[in-house]
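I have a structure here, written as structure tokens, and I will follow up with some questions on it.
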Amino acid sequence: MIAEFSIVPIGVGESVSATVAQAFEVIEASGVAHEHHAMGTNLEGDWDEVMAVIKACRDRLLESSNRVSLSIKIDDRAGATDRLVHKVDSARRKMRDASRG
Amino acid sequence: MIAEFSIVPIGVGESVSATVAQAFEVIEASGVAHEHHAMGTNLEGDWDEVMAVIKACRDRLLESSNRVSLSIKIDDRAGATDRLVHKVDSARRKMRDASRG
Amino acid sequence: MIAEFSIVPIGVGESVSATVAQAFEVIEASGVAHEHHAMGTNLEGDWDEVMAVIKACRDRLLESSNRVSLSIKIDDRAGATDRLVHKVDSARRKMRDASRG
Amino acid sequence: MIAEFSIVPIGVGESVSATVAQAFEVIEASGVAHEHHAMGTNLEGDWDEVMAVIKACRDRLLESSNRVSLSIKIDDRAGATDRLVHKVDSARRKMRDASRG
């Protein structure tokens, strides 16, 4: 499955990039396939490994913050793998095919 | 913590209420504090029990559907409990106090 | 359509209920059908009226906060109305029918 | 502001990439700064231009589908621009600084 998540500490100030950097560290250390983007991080793996990474990020942020807000979106498709790259490619290809007529 | 989640099968047709009913069954059987609303279900409990319910719903739907989409939003605040009811009350009270001047 | 949204100011402290109360005021004043719950507010109406309410909440919060985070989820179904109540009822009914066999 | 959104038609089948390609066309044609990733598209611009693109995608999908589901997440920070790239960079830099001690 692919999951996207973002985590933000509430009550630590307007700039949260130092805190987000802590989550990045946890993610890099996990070894789970991922890509960061401007609004969150996409992870690919099975339910338990992906959720373990997200929980570890939350645990890390709760060490320095009393309140965190998480947003998780999951696209779970049986038998589909390597979708971090392929999903966008697939839509792009169909867009090109359609414009070619 | 409080979590809100919604789950929708992709590819089973436009009406998904029969499938959502399966998720409701799993939630009721779990015993975890919850409230259903028009756009999802709010759950209150610790991380592991809440995530176990969400995973059980996903497992149930994947029995009859090849692809599911989940959306999860979490508000995790140390030391705060019974927030399914109190969060709305708290904002309402402050709205009233403000309008009284 | 039905939309759910939540809005949270970033950088104003851990308790955000006073700020959420400002959003509640904007919503009540709008006259748009809504229900508050522990993780957000559900609104029902057409695209433009619902989005106008959400934008007005965001404008209000940006008066006192430099950064806000919004989450919006939309279920847009042609020809469907009065769904704030009926969506949950519909799933509940199917759950009962299924348990009756 | 930066907004992330994803849109999925409900009831058209399990593979939605052809439909997502239609949304890509609308986005490319809009001229608004954007990046596609595996779980959605990030857009950067002011509220009205970003929301106009999202609405146009929804209108386009409702031509061929009776029901669509949208998810929108917004990070709105006064005075901040060019954040599609800079947000990730900023967290990465702080991660490196922290690991250097």
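We call the chains A, B, C and D, going by the order they appear; numbering starts again at 1 in every chain.
Operating definition for what follows: a contact is a pair of C-beta atoms (placed from the backbone, for glycine too) under 8 Å apart; a residue touches a chain by one contact, two chains touch by 3 or more.
Quick caveat: nothing in here was measured; it's all calculated off a predicted structure.
Each of A-C and A-D has its own count of C-beta contacts, and the greater count is at A-D.
At the far end from chain D, in terms of centres built from Cα atoms, lies B. Because chain A and chain B carry the same sequence, their contact can be compared by residue number, and over half of the numbers here are used by both.
Spacing of chain A relative to chain C, judged by their CA centroids, is 24 angstrom. One inter-chain figure worth recording: chain A and chain B are separated by 20 Å, centre to centre, where each centre is the mean of the chain's CA atoms.
The centroid of the Cα atoms in chain A and the matching centroid in chain D are 14 Å apart.
Within chain C, the positions touching two or more other chains are listed as 10, 14, 66-67, 69, 71, 73, 75, 77. Residues 8, 10-16, 66-67, 69, 71 of chain C are the ones that touch chain A when the two sit in their complex. Contact residues on chain C toward chain B in their complex (touch as defined above): 2-4, 6, 14, 17-18, 20-22, 24-25, 28, 35-40, 42, 44, 71, 73, 75, 77, 83-85, 87-88, 90-95, 98-99.
Here chain B touches chain A in the complex through residues 10, 47, 51, 55, 58, 62, 66-79, going by the rule given at the top.
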